[in-house]
Every structure is written in C-alpha cells, then in structure tokens.
Amino acid sequence: MSVNQEFRPKIVAFCCNWCSYAGADLAGSSRLSYPADVKIIRVPCSCRVNPMFILRAFEKGADGVILCGCHPGDCHYSTGNYYARRRMTLLFSMLDFMGVENGRTRVEWVSAAEGVKFSTVMNDFVEKIRSLGENVRLGDLRCKK
Amino acid sequence: MIFSYYPGCTLRNKAKDLDAYARASAEALGFTLQELDNWQCCGGVYPLGTDEIASKLSSVRALAEAKDKGQDLVTLCSACHHVLKRVNDDMTNVEDIRTRANNYMKLAEPYAGETKVLHFLEVLRDVVGFDTLKEKVVNPLTGQKIAAYYGCLLLRPGKIMALDDPENPKLLEDFIRALGAEPVVYPYRNECCGGYISLKEPDMAKNMCNTINESAKGFGAECFITACPLCRYNLNKTEQGLPVYYFTELLAEALGVKEGAL
Amino acid sequence: MNAKEQVQQISGVNPYKCMKCGKCSATCPAYEEMDIKPHQFVSYVQSGNIEALAACKSMWKCLSCFACVERCPRDVQPGRILDAARQIVVRQRGGNYLTAEEIPPLVDEDLPQQLLVSAYRRYKR
Amino acid sequence: MQRIGVFVCHCGSNIAATVDVKKVAEMARLEPGVVFADDYQYMCSEAGQAKIGAAIKEYNLTGLVVCSCSPRMHEATFRKCAERYGLNPYMVEIANIREHCSWIHKDMEEATQKAVILARAAIAKVNLNAPLQAGESRVTKRALVIGGGIAGIQTALDIADAGYEVDIVEKTPSIGGRMSQLDKTFPTLDCSACILTPKMVDAAGHEKIKIYTYSEVEKVSGFVGDFTVDIRKKARSVDEAKCTGCGVCQEKCPSKKTPSEFNRGLNNRSAIYTPFAQAIPNVPVIDREACIKFKTGKCGVCEKVCQAGAINYAQEDEIITEKYGAIVVATGFDTIKLDKYDEYAYSQSKDVITSLELERIMNAAGPTKGHLERLSDGKAPKEIVFVQCVGSRCSDERGKPYCSKICCMYTAKHAMLIRDKYPDVNVTVFYIDVRTPGKNFDEFYRRAVEEYGVNYIKGQVGKVAPQPDGSLLVQGSDLIDNKQIKIKADMVVLATAIEPNQGVRNIATMLTASIDTNNFLTEAHPKLRPVESPTAGVFLSGVCQGPKDIPETVSQAGAAAVKVIGLLAKDKLTTNPCTAQADELLCNGCSNCAKVCPYGAITYETRQVNDHGIREDRRIAVVNKALCQGCGACTVTCPSGAMDLQGFSNRQLIAEVDAICR
C-alpha cells in the first residue's frame, strides 16, 4: 500500500450541537480514540453550514471536510438536516467536478448516543483522506507556507 | 423459463433419481433445468477458513458461467446449494475473497456475486407458486402423512441461506400440502443427521437418526422426504426407520410424470 | 503470527465477544462425543491454549451442522473456531485424520459420493 | 480590538495528563487580541472562577476563552461567571480540549498541538463576538404527560399535587399500563393491582388532572414553555358522560372472538370492551374492526341493552388542541416478538410462554383465574423451566444488545410464588448471570434458592423440542458441571427482552427529542441530567429512557415531575439570544428565508432604508426573536448574504475554519 504514514491531513468536522457534537462528546467520555487530525467546529444545526465554509476550508488548505448532523427525521429543528443533505449533495458533486475528489467530503448522521459511530466514522474518514493524500485543488497558494 | 442447473457429483451417481424426477417435474411445470457445461464438484462442505480460496473456485466457476448465460442457478442437493450460496455471499460481501478469487480465475469480467442461487424448492415456491403446483397435481397424495426432513445445510446459517425460518421452517410443509398430503411437524426436522461423520463414526450418526426417526414417528409420520442424498443415506441406516424419499420423487408422482422419468 | 492469532485469523472470529452463556454447548448434537466442549473452544482461544485445542478429539466429531453458529446470541461462531484449529492440524504434514487406504472397507453400496468428498475436505489436507 | 483572557483548565489530570496546559497558555498568548493567558487545576471551581474574575478586572478583559471540558458541560457555568464579573455572558467561548482532545489521544505532543489549534479557533471566534441580550418568553402553566402507566400516573400526580394542571394522554382505553397486567411485584410480593389501583383512582379524581384515554398525540409545535399539541381522541363509540360502567353491553356483545390485548392474547374479549375490571375510566370502547355493527351494519345489541343510552355509533375522532409549558414522555415498553427465536418453540407450543403471559396466568383475574395450568390441555404442570435472557444481551440482529434488567428479579419471583403455592412442582431456572443489584434484591433471589428450593442452573437453553406426549424436552447446558442436560418439562417460561413501545420513535420525532439505536429516548446527560431530554421542556419518565423496574420508575417519575414543576414555577424563560438577523441593506426581500424557517419566525415588512445616502422603501425580512430557535437554515438559503446568525455568524465560523487550517 502506498499510503504515506507521515502525511498528517487537516480535517475540519462541522458537528451539529444537538446530536453529533454530543456524539463526539460521548466518544470522548467513552475514550474512543480517533486521529488528532480531526478538528471539530460546533454549529447549532447541520443546516447552518454554508457551502462557503467548506470552500473556504479547502482554500485554506484543508484536506477533507466532514459534516455531521442528526439522523434524518431526528433533527432538533425538525428539517435542518434535510436542507443540509440537499445542499451538500449539490456542493460535493460540484467539488468533484472541480477536482476535489468525493472521498474528501462526507455527510454522516451521528446521534447523541452514537459515540462508537462517531469514532468509527472519523477513523474511517481520516484513513480515506490519508489514502487520497494532500489536497492540491482549490488551495490558495498564498495560504501555503 | 430456463434455469442454469448445477446437479453436483452425487446426482450423477448414487442419486440419479433425485435428478431425473426433478427434471421431469420441471418440464411438467413449465420450466427447464439446463445443466452447466463445465461444472465441477463443489467440495461437499463449505470451507469455513477465511483464507481458503482454492476450495471455493469450483463454485465461483459455476456461478460465473450462470452469470454469462444470464440465468439464475438452480441446485437440488442441500450440500451443493449450501456451498454455492455461501460462496456467492462471500463473492458479494467479502472484498478480500472476491479479489483473490478473481485474481486466480482471470475471467473476462470479474465475478462479484451477480448470479442468484436458487434451490429447486425456492423455484417451486417463488417462481411456480405452491397454488399453481397444487393445480397441476394429477395424483394427489391424499392421506399420506409425510415428515419433512430439512437437515442442517438447507437452512443454516439463516442469514445467508435466507431460505426459510431456520428454527421453524414451512417450505417443505407447504410443498407437502400442495401435493395433497399431510405434513407432520416434529421438532428434529432441522437437526443434523450426522452428515459425513457416518464414515468414521457410524454409531454417532445412527444415534442422531434414531432421535429424528422416533420424533417423526411419535407425531404420526409414515415417511420422510428430504433434498439431500447424504441425509437419506444416514436416515436409511436406522433400524426399523421410516422410509425416506427424495422430495422430487413424490413431486413426480403427484404430477404424474414418475413413469419413464428414470 | 502466534497460534492464537492464527486461529483468530483463519476463523475470522473474535472470541472476546463471547459472554459465556453456553448456548453452543446446549445446542450441539455431537456434545456427548466431544472431549473439549463447544463453549470451551472459545475460552481455549482466549487463553491461547491452542496446543490443547489442536490435540482435541472434538474437531473430528464436529458435524459442521452450524447449530452453534445459528443460535449463538453473540455471533461468536464456535464452529468456525474449531474448524480453524482443524485447518492448522491438517495443514501440517501427517495431520490427516483420513487416509486413502482406510476408505475401501468403510464404503457400502449406497454410500453417496458426497459423503466421501465432504469427509475428505474435513479430515484431510 | 478585543482584550481576551485565555484560561486553560487541567481538570485534575483529565486534561493535564495528556495536554501540556502550560504550553497551550503560552501559545495562546501569541494570538491576536489575547492579553492574558493562564492555567489552573479546576477552572470550574470557585477558586478557578475567582481567578477569571480577578483577571477580568485586572486586565480589563472584553472576552474569555476557556479551554476545558465540553461546552455542553460548563458553558453555562462560565457564562454566569463572566456575568458576575461584569462581562456579557455571550463574550465567552469554550475550547473543548477534554472530550475532543485529551480523552481520545494518548500522545502528549499530538494532543497539545491539537489543543493549541482548538484554543486558536475559539480565540478567533471570540475576536468577532458581540454582546448579546437574552430575550424572554412566557410559560404556559400546564404539563402534558404522554403515557398513562405507573410512570405517567406518578409524574402527573406529583405535578398536580404541586398545584399545576396536567393532562395525561393514553393510547389504550384505560390508564394503568404494564403494571396493571402484573400479578405480584418484587421484592416484597405486594399485589400489583392493590398498590396501583389507588394511584389510578387518585389520578382520575384529582382536580388538576385531566385524562385522555384512547387518545394519541398527533402533532407538536412550539418550544419550551409554549408547546402547542394536537391530541386525537379516537372515537370510543360510547358517550363517556352517559355511560354508567354497568358492563351489560360487554356481556351481551355477540362478537367475542378478539384476542384480549390485556391478557396478551391468551383469551378473547368482546368487540365492546374495557380492558380490565378496574379500568379507568370504566367506560368501554367499541373495537370497530371486530364489531358486527360496523362490519355488516346489522346487530346493534349493545345499543339495545344500554339503559343509559350511551352507545353512539356515529361518534367521530376528535382533535383537541391544547397549550403546554412542559411535556413528559412516559410511553413505557413491550416485550419483543419471539418469531426469530423459534429454537425455543414459542410459536410451536402453547405451553411455551413469555413471563408477561405467566403474570396473566398467575393472576386471579387472568384467563385461568389464577390457576397455574398448561394452556394446551389445562393440566397442572409438574415441571417448569425458566429460560433467562431470551433476546437480551444479543449482539446479532435477532435480539437486543442490552440487559433488560427486570427479568432476573421477576423470574425469582415467579419461581418462588410457584414453589410456594404448588410445592410439588419442580422449578428450574437456566441463567447466564443472576443480576440483582437493588435493595433487598439479592436476598430475595437467595430465598428462592435456599428456602424455596428453586433449581438454578448456569447455562443457556439451546432447544426446546415439543414431544408427541405433549411435554417439552428442554436441552440446555450446565456450565458448572460441564454437561449437556435434558429436562422433560410441562411448561417453559421465556424471560423475553423488553423494548420501548411501538410508536415512541414517532413521538420522539414530533418532539425533536433524540432517540438511540434501540429506540430508548436519550437523556441530556447520562449521570447528571437523567430525566431531561436534550430538547428543552421535554422530560423522560420510566422505561422509555431505559429498562427499569417499578421502584426505579417511580423515582424517575418523581424526578421528572420536579423538573417540570421547576419549569412551570417560572413566569418567564430567558430565550436563546443566538437568533437570526437580516441586514436591511443587503436584504432584497426574496422570501427564500421564510420558506425554510421551521418556526414561521420570518415575516416581511416594507421599511425605509438609507442605502449610502439613497433613501428608499424596501421589502425586508424581519425575524421574530421569540419564535426563532437559531438553527441557521435561513442564513445559508439567503442569496444575498443578508441573513446572519448571532453567536454563530458567517464571519465567526469562517474565522474558526481559518484558524484550524492555518
């Protein structure tokens, strides 16, 4: 396998306050580890995540962006995650077209009770990003050191 | 309707009748079993080891041939059915086995579990339908009390075989009813007959078959039907045991095609 | 790879999922013939006592009927563990439980080919 | 420019063991806007908070970043602290360096590096924070309890006794729930009905409690303090005001072939029925599926025999809309279906029964009038086998992964009662573990063994085989003796796993309350907030939250009631100030935001704006702060970027992204 173990990707995870952020907390209190490459940003709901934020992350050198929300039907605000899902479907296919592989973007539903799932998802996502290597598209060269 | 057909080693030898009655009945019911051109023995038992590839290849070959023909693959013998269905499940769901098997086989197009494996009984139930079967019966077996013997391989593991409820199956009972006879339900119909153990430990197999026989007799059965030549062989060793028939023999009889089938 | 890891790898079973309920032993039709009982297969792997497992008689008595696999509430599949131990034995030189010379006297007129094929697969490399 | 203070918590060794806290503070000092950074052992302690206060004064701080545990844990603590020392509480941000960092990483260098980045993101955000003022909303002083079992009844009684109005909505024709089906209760062997019925009567007679039976919650809108709920009162076909509960209609009803839900299908009931004699209300319902009048138009016997003229075939479902300040979920449990466990022959033999069915058989009002007998032939059993953990503790898809918690104790109870009443009956219990934590629980189980001679065997049952003579051959293992044993039994009782009631998922969705993979409702915190749902104003009572026995259920019911009372006692609630706001200069009045708002919080008005000196009338979005819950759906949908969310603004989130990717 040609995975570069030295490569430490930058990964931004947007987590909704009610389900996924709590799921991440549960992963923490259950000591379920996942790589430190993942940094979480708390948002009230997955529908708060503007596609601009994701483009911005890639522009600033992120290698992967993951959006986590409540399971369909379980959104704290009833319908927010449906909006998020539709927006992201569109955005991800556009990003793919622009050369940011589909593997670098992901939407996952993680409930407050799913600490195990959160950790599994993050481990899996990081592994995927590591296998894809550094993201070279969209990056603003001025942001590179 | 034409199905690809995998007879297996025993149906070409000791269990020729299981095969012949099935083919004759199939024609009577309006479908054809078309034997695969190049089938090899399935090995009799499913290789459980996750690292065993070579012993699964004969099954993959059969599955891939059926795929090329675009047909579902029908089997009769419980053991062949068990092996083919499980290997097919591996090829569908276990990436490691799929990759390694395809690397060996070097098929024009890699095989990934596309073929649907059906037991002959599934064809009767899901394609022909037991209601239709009932209509086509010319010699109903009225009054006969028949115990269905499933054995273990036909049903287990339930998740993969997905043939029927592994603990309380109905398939053969419904089949018996369709032929006009009366099914006898007894608790040991899904317990093992001893299988290959009878070669070196014949007494063990005899004990098991005794239990099965006693239970079926106790509930009033007059005979067994089975789909497996090995089950039949073992059950036949029971002293004063009930007679054992292949289910296809009774099917051919009920459909009036028994004469001349052999 | 040590023997314990080898068994785990060949069987694909995680013995630590076992909750020691004994349902496998409750359900095994060959139980009386076995020296090491189905629920013990799991604990032998847990404790790494593969040598004893590989020397047991049980592996030649198992019917591969999958009753333990079907009914196990923890999806541990003791039958697979035993089969892995059997694999380790038959893959070694001289580990066969059945030789060609033994067969002729065992065969009778009705014996289905399937029986020989299966026994060969299970007992022999 | 902000003047930010950064406070890094050690959390004892929880953080400090894996994160170099001094390094985090040191690195934070280098960030723009930071004028002070320090670390301390327990930031949330009084001394820690005093440290924060002192720094606010000394360095004239305008914003705080606390690097500590999850904001879900202590954000409120630190906001209050800030407020106490004169800072707007919304000028505080938390960097979660415990749950999201120290607890999941092992390498000190790696964890420290991540903590620095998380702190950096929080600092970047605080730099853009603005003081926010929480608004106020009203509290409707009435509570709704969904489910009328012992959990719901107890919660309702406690709330009502504190002087607040409570409504109970119960799906079945009577309150009482599972407890009304039980014969005796462990560990004291009280008669279940004797202790439950008075509570049911109390609830029915309480001036503050209104009971809607044969009713279901259909729609929920609003939020804490101000929920609006639609309740569907299903047509009973019997006028509650007129019915005297004489029972003649049930006696005379010619359709008597419907399996009784209350008796778990062990016997039949009539089409017009009350589930049991002590039902509350004692008013029957007509099961329209079974009723001959409804099926064929002919019959009408009940109408003829009813002296009170209470039968009303034309009655229709009624929707009642009511406002509530708080909602308690108390939907309870059922036993799982056993169709996937037929190795125990449940569907093949009438003499293989569940424990709940045994409760009905043991009960004097049950199908056998309390006589222990086989349902197949009515004979008295001489050999009974109990099987534990049927469907519980299963990691395959057939069963449930959790322990159902109540089975060990009720099986000991059943075994003891049988041995007490029928000393000639042999009782064997197959168990995997006997779990009896609870006051007087283990003593109770030991009595079953030592005084009543119940035979406990460690091992599971593999197969139950019905025999031609009607007996059941139970094949199990005895792990202590290392034997496979076979017992010829007359009756087999399965300790069937319990699961949350059907329909609870639907209720959770209506309440936007979170639910786990096993359909148990999630609590706000597993230890510290066990009776609250993460959704404000929604509380949990009984088994809907997790398996529990009656004493635990009653305790939790009381606790949920206290939480409700605490909420209803307030006249106003402070609302979340993190609401959306439209920039009137950017808004073009396109109406997209209103379409995605789940609360109808956005309206439009024409307003005169001054756009760089040009005054003109424009159609502009206006957000109702009381209705907006701050999800942010509108902010993303807004094409002109006019809509933004306070506390989670576009600039703040982008600053966080930048800080992480830097």
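Labels A, B, C and D are assigned to the chains in the order they are written; within every chain, residues are numbered from 1.
By definition in this document, a residue touches a chain if its C-beta (ideal position, glycine included) is under 8 Å from a C-beta of that chain, and two chains touch if they have at least 3 such contacts.
None of the values given here were measured: they were computed from a predicted structure.
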Comparison of B-C and B-D (more C-beta pairs in contact): B-C
Chain B and chain D, separation of their C-alpha mean positions in angstrom: 48
Distance between the centres, which are taken as Cα means, of chain C and chain B, whole angstrom: 24
Chain A-chain C separation of Cα centroids, rounded to whole Å: 45
Distance from chain D to chain A - Cα centre to Cα centre, in angstrom: 29
Multi-partner residues of chain D (each touching 2 or more other chains): 343, 463
Shared-contact residues (touching 2 or more other chains) in chain B: 167, 191
Touching two or more other chains - residues of chain C: 67
Contact pairs between chains, per stated definition: A-D, B-C, B-D, C-D
In the complex, chain D residues that touch chain C: 343, 389, 393-396, 398-399, 432, 458-463, 475-477, 479, 482, 484
Residues of chain B touching chain D in the complex: 165, 167-168, 185, 187-188, 191, 215, 218-220
Chain B residues within the chain C interface of the complex: 8-10, 13-15, 41, 43-52, 55, 77, 79, 152-153, 156-158, 166-167, 191-192, 194-201, 204, 208, 229-230, 232-233, 236
Residues on chain C engaged by chain B in the complex (per definition of touch): 9-12, 29-30, 33, 60-61, 63-67, 69-70, 79-80, 83-84, 87, 97-98, 103, 106, 110-123
For the chain D and chain A complex, residues of the former touching the latter: 70-73, 96, 98-101, 103-107, 110-111, 113-114, 117-118, 121, 508-509, 512, 514-517, 522, 534-535, 578, 596, 598, 629-633, 635-637, 645, 648, 650, 653-654, 656-658, 660-662
